[in-house]
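Here come two complexes built around chain A, the first alongside chain B, the second alongside chain C.
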Partner chain A sequence: MLEVRNLHASVNGNEILHGINLKVNAGEIHAIMGPNGSGKSTFAGVLAGRDAYEVTEGQVLYQGKDLLDMQPEERAREGVFLAFQYPVEIPGVTNTYFLKAGLNAIRKHRGLELLDAVDFLALVKDKMKLVEMDQSLLNRPVNEGFSGGEKKRNEIFQMAVLEPKLSILDETDSGLDIDALRIVADGVNKLRSKENATIIVTHYQRLLNYIVPDFVHVLVDGKIVKSGGKELALLLEERGYDWVREETEAVA
Partner chain B sequence: MATENNDIEVLTNKEYKYGFITDIEMDIAPPGLNEDVIRLISKKKNEPDWLLEWRLKAYRHWLTMEEPKWHNVQYPPIDYQAASYYAAPKQKKQLSSLDEVDPELLKTYEKLGISLDEQKRLTGVAVDAVFDSVSVATTFKKTLGEMGIIFCSFSEAVHNHPELVKKYLGSVVPYTDNFFASLNSAVFSDGSFCFIPKGVRCPMELSTYFRINAAETGQFERTLIVAEEGAYVSYLEGCTAPMRDTNQLHAAVVELVALDNAQIKYSTVQNWYPGDKEGKGGIYNFVTKRGKAMTNAKISWTQVETGSAITWKYPSCILQGDNSVGEFYSVAVTNHYQQADTGTKMIHIGKNTKSTIVSKGISGGFGQNSYRGLVKIAKGATGSRNFSQCDSLLLGDKCGAHTFPYIEVKNTSSKVEHEASTSKIGEDQIFYCKQRGLSGEDAVNMIVNGFCKEVFRELPMEFAVEAQKLLGVSLEGSVG
Partner chain C sequence: MKETKSIEWYKSRFDLFEKSLNGESKSELHALRKQAMQKFAGMGFPSSHDEEWRFTNVLPIAKMEFTPVFEYSGKGLRQADIDKFTFGGLHCTRLVFINGHLADEFSTHDPQPGVTIAGLRSAINSHSELVNRHLAKYVKIGENAFTALSTAFIHDGAFVHVAKNTEITNPIHLLFIVTGDQKVAVSPRNLIVAEPGSKASIVESYVSLASAPYLTNAVTEFVVDENATIEHDKLQDESLDSYHIGTIHFQQSRNSNVVSNAINLGAAIARNNITAVLNGEGIESTLNGLSLATGTQHVDNHTAIDHAKPHCASHELYKSILDGKSKGVFNGKIFVRKDAQKTDAKQTNKTLLLSDEATVNTKPQLEIFADDVKCTHGATVGHLDEEQKFYLRSRGVGEEEANDLLTFAFASDVINRVHIDALREQLDMMIHARLQRGRMLER
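Presenting the complex of A and B:
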């Protein structure tokens, strides 16, 4: 589904990603772990098409197409979803209105019929249960006045409604208490299928207790230095990131 | 940043849709202003002597006045002798029904999306259409008449209801009020008149549609709305003009009188031609709007100002009676080289009077947007309250937002609150919307729409739709 080849990217002329290689197949969950400042969020941002990042080298193929050649909205319509680390507030625009506009833009792109208010509401009611969202959040302006946990839950709720093929969760666990973490993780697990794939970007291992990844990659200084199965995450939690770094340096 | 600017450009560069010119035979006065021209206007309209006298007094007073300079807008000096002060579609006789209206004119209004056809009752809006300076048609007159409501052109009111016009004309905005109001008093040619008798709730929205067509003319219409004790009316005003290279002057006066327990809701969508991208042409819009509220009465102004090269208007409320309420909700957009200096005056005179001001300024391109407001609480206006909120949204880095609030409080039992904010449309917000599948243009629309929501929800439904379309914004769905 996704193939990243030798991806280099910079912000304001400083190279942050120094050649990332990654292959994600449908049905898989990949975790990208790494210390602060290793380039995790940059990687997520580059995949979603954030303006601030400049790709200087490399290639990203998504369903056989050149992802980097697409505008951010095209990527979204093609099924790439980013759950934001810091979800953005849009005053005066209700959550449902925002989401209906997004969903219909995606449906239009895919040649599907646009949903009217009634059908949309039925869909939303169904999806709300997945993340135990309170109905009152639907009619409030997008993320405005939401607690940290509500914002993150809202991201997963949007993901449930938009039904992406490739979801990228950027530090979705940060700022969540244990209960909220469990709810969010349950939501992600329920959305898992053979047709879609998920990339989880995280600093801590704890989210991976709830969402079990097929692969774990360790990102250090803009490069994936180690890949393995779910047990790698536990090792990282126990021993920290330094040993990976030392190991890499020893090899080099 | 590059794409963000691009999105905003697409939105802010929308072409003016209403810029066509209607080819119609016109009756135009020669350019220039003097007592003879005023006599000519008055004669053309077959006016009674008292009105001519009133016009002449206004003109003589105007001669002693100077154009105001305190506003934060810049324009070359206006040559008041170069404009023509009367332009009317030529018509041979008094019209008795819509069938007799020049089909070219009806076509014009059709193009503008305004139905003058009384058969189209579904719209439920009574319309008075003013073309250049003359009212061409008023719909639903009969239905309204049965309830004692008078809704007609100003000229008709002068002939058919002189006692009402004489009583209220100039009672809120006297002919000495300000430079542009005095000019209007001297040369106004038509406008709308509306009278709601005691205890009557007007069952439909009353609407006036103003259109400037002729070149080199000014438009000076005058609107007078009187709501007697306990009456209610909601009134809408819309405006467009053709695209022309030269600037055209529009100096209107609107007077509202709300007697005890009456309520007047006045909504404007102003979309005069704003000039082109280089700032050439466009309407100079210098307007005086004021309402007087007696005991327990309420006056609400809602305006969406997207057009005009220059907007200079301060719809105001004189809260004369105890417990009277004044409201002002405004969205003002300035793009390209548009300039707006707009706001309100809330004059609290009665006890326990209340006023609310919500102003949203949006600037793009090289637009300059100023909010100017006065909240004045007189000594006797004990226990009065005001709340003001002025928010500005910047869509680029070459535009400007300014706020000039004036507050005068003469007693210690009143309370005045003022909040203000200025923000730039966020790159993060646009990216967030795009990541959910929205185009950049839709994203900007949605964010601007959300910013204006508090004002839009004050507009009657039909107008809310038009206002949002005007901003290139789709209506917030009925979901939720």
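Presenting the complex of A and C:
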């Protein structure tokens, strides 16, 4: 589904990613772990099409197409979804309006009929249960006045409504208490299928107790330095990131 | 430098006006007009050296030599022409003014005990005591050249009187239409008196069927007595080659409540002077404004809130969306007099610039003479938020739609404050259409 080849990216002329290689197949969950400043969020941002990042080298193929050539909205319409680390507040635009605009743009792109208000509401109510979200949040402006947990739940709720093929969860666990974490993780697990894939970007192993990854990759200084199964995450939790760095340096 | 040619022009129009008045020229009202004409002749139109007009050049208005209209004519107008401006048939009492004169044939009356809704011209006779007591007592004749000129040519306008403890059930819509192919000057003069404990919603709209440039120079005075409640919504949607000067004054007494929502869409140059005098304790005053401008439009909002007595609150939210090469001006004065302890005043001014060539001058002006008060003000000027745009796009919304959505959200913040549901919905649709049309024209 996704193939990242030797990806280099910079912010304001400073190279952050120094050649990332990653292959994600349908049905898989990949965790990308790393210390602060290792380039995790940059990687997630590059995949979603954030224009602060400049790709200087490499290639990203998504379902055989050049992902980097697409505008952010085209990526979304093709099924890429980014759950934001810091979900954005949009005063004056209700959550419902926001989601309906997105969903219908995606449906139009896929040649599906646009949903009217009634059908949309039925769909939305169904998906809200998934993340135990309060219905009153629907008619509130997007993320405005939401608690940290509500914002993150709102991200997963959007994911449920938009039904992406590739979801990238950027530090979705940060700032969540244990109940909220469980709810968010449950939502992700329920949405998991053979047809879609998920990339979880995180600093901590905590979320991976609830969402079990097939692969764990360690990102240090803009490069994936180690890959393994779910047990690698536990090792990182136990021993921190320094031993991976040391191991890498020793090899070099 | 005083521009004398325009003074001569309006003096000569005034002489003609006097001749047309016959017996009325000895009245109290006419003495007022004469006094106003003298003031105007002494002042002339303001120049940019005048601090109050520093960013708004009215020379195009001075040069144009507009002709005041002395008589009503509804010639060639059909009900269908009027219906375009009735907010989708808003359920209300409606007074329609054509070139500043009341058009009985197009107006609707919904008689209610305790409520008088009439043309000012007839009220001068039927309610002379009330009119003489209040007319031109709040907006000073010599406030500026435009109020002087408007007062000199007072002819007609709306007169609304709401008796003590009377609540007007339907809104009152004052619809001002300019029509024809002549460069006319219209000076509607409105007087609204809300007696103690009364409640009313007044909607003013200024629109055009005209094919020539014109000047609207309107003055509206509100007397809001003790415990009275007024909602005032104003839509300025004049033609794009015309000029609009609108002066609104709220004279508020103890425990009264005023909400004013002023929407500006039209005119080549629009200048609004909105003043609230809080002359009693426990008063609440809310002034909101939304201006949309594009092309070479110029829109200037001057507000003044005068806290004269203690324990009053004022809230102010003025927003502008400027596209093309348009210019915006905001000046917000808040006076807190020595007696006005425990004043709570909040002013917010936000401008959204949709192009690199649009400009804005914004100036909060707080003069505080009391020591136990809460006064805050804030002004922001900026473009659409990139992070919000990216968020929308990352959910599949196209770039242009994202821009429209965010721009509209910025505007609806003000529109949502209009309490009359049917009016708010109509304004919502208008703003939406206007923003989309603006985009197609500009890009």
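We adopt the following convention: the second predicted complex is superposed on the first by the 252 of 252 C-alpha atoms of A that agree within 3 Å, B and C clash if a C-alpha of one lies under 4 Å from a C-alpha of the other, contacts with A are read in each partner's own complex, and residues count from 1 in each chain.
By definition in this document, contacts are C-beta pairs under 8 Å (C-beta built on N, C-alpha and C of every residue); 3 or more make two chains touch, one makes a residue touch a chain.
Keep in mind it's a predicted model, so treat the numbers as computed, not measured.
Colleague: On chain A, do chain B and chain C fit together or clash when superposed?
Modeller: Superposition result for chain B and chain C: clash.
Colleague: Where does A:96 make contact in the superposed view: on chain B (first), on chain C (second), on both, or on neither?
Modeller: Touch status of A:96: first partner only.
Colleague: Going by the contact rule set out at the top, does A:128 touch chain B (first), chain C (second), both, or neither?
Modeller: The answer is neither, since A:128 touches no partner chain.
Colleague: Based on the superposed arrangement, let me know which partner A:236 touches: chain B (first), chain C (second), both, or neither?
Modeller: Neither partner.
Colleague: Counting only touches as set out at the top, which of chain B and chain C does A:117 meet: first, second, both, neither?
Modeller: The first partner, chain B, only.
Colleague: Which partner does A:200 contact after superposing on A: first (chain B), second (chain C), both, neither?
Modeller: neither
Colleague: Looking at the overlay, what does A:139 touch: chain B (first), chain C (second), both, or neither?
Modeller: first
Colleague: Contacts for A:33 in the overlay, against chain B (first) and chain C (second): which applies, first, second, both or neither?
Modeller: neither
Colleague: For chain A, which residues belong to both interfaces, chain B and chain C?
Modeller: Comparing the two interfaces on chain A, one with chain B and one with chain C, the shared residues are 48-51, 71-73, 75-77, 81-82, 84, 87-93, 97-99, 101-103, 105-106, 109, 141, 158, 162.
Colleague: Quick check on the complex: what are the chain A residues that touch chain B?
Modeller: For this pair, the touching residues of chain A are 48-51, 71-73, 75-77, 81-82, 84, 87-103, 105-106, 109, 117, 120-121, 138-139, 141, 158, 162.
Colleague: What part of chain B is in contact with chain A in the complex they form?
Modeller: Residue list for chain B touching chain A: 1-4, 426-429, 431-440, 442, 446-447, 449-454, 474, 476-480.
Colleague: What part of chain A is in contact with chain C in the complex they form?
Modeller: 48-51, 71-73, 75-77, 81-82, 84, 87-93, 97-99, 101-103, 105-106, 109, 141-142, 158, 162
Colleague: Note which residues of chain C are touching chain A in the complex, please.
Modeller: It comes out as residues 387-388, 390-399, 401-402, 405-406, 408-410, 412-413.
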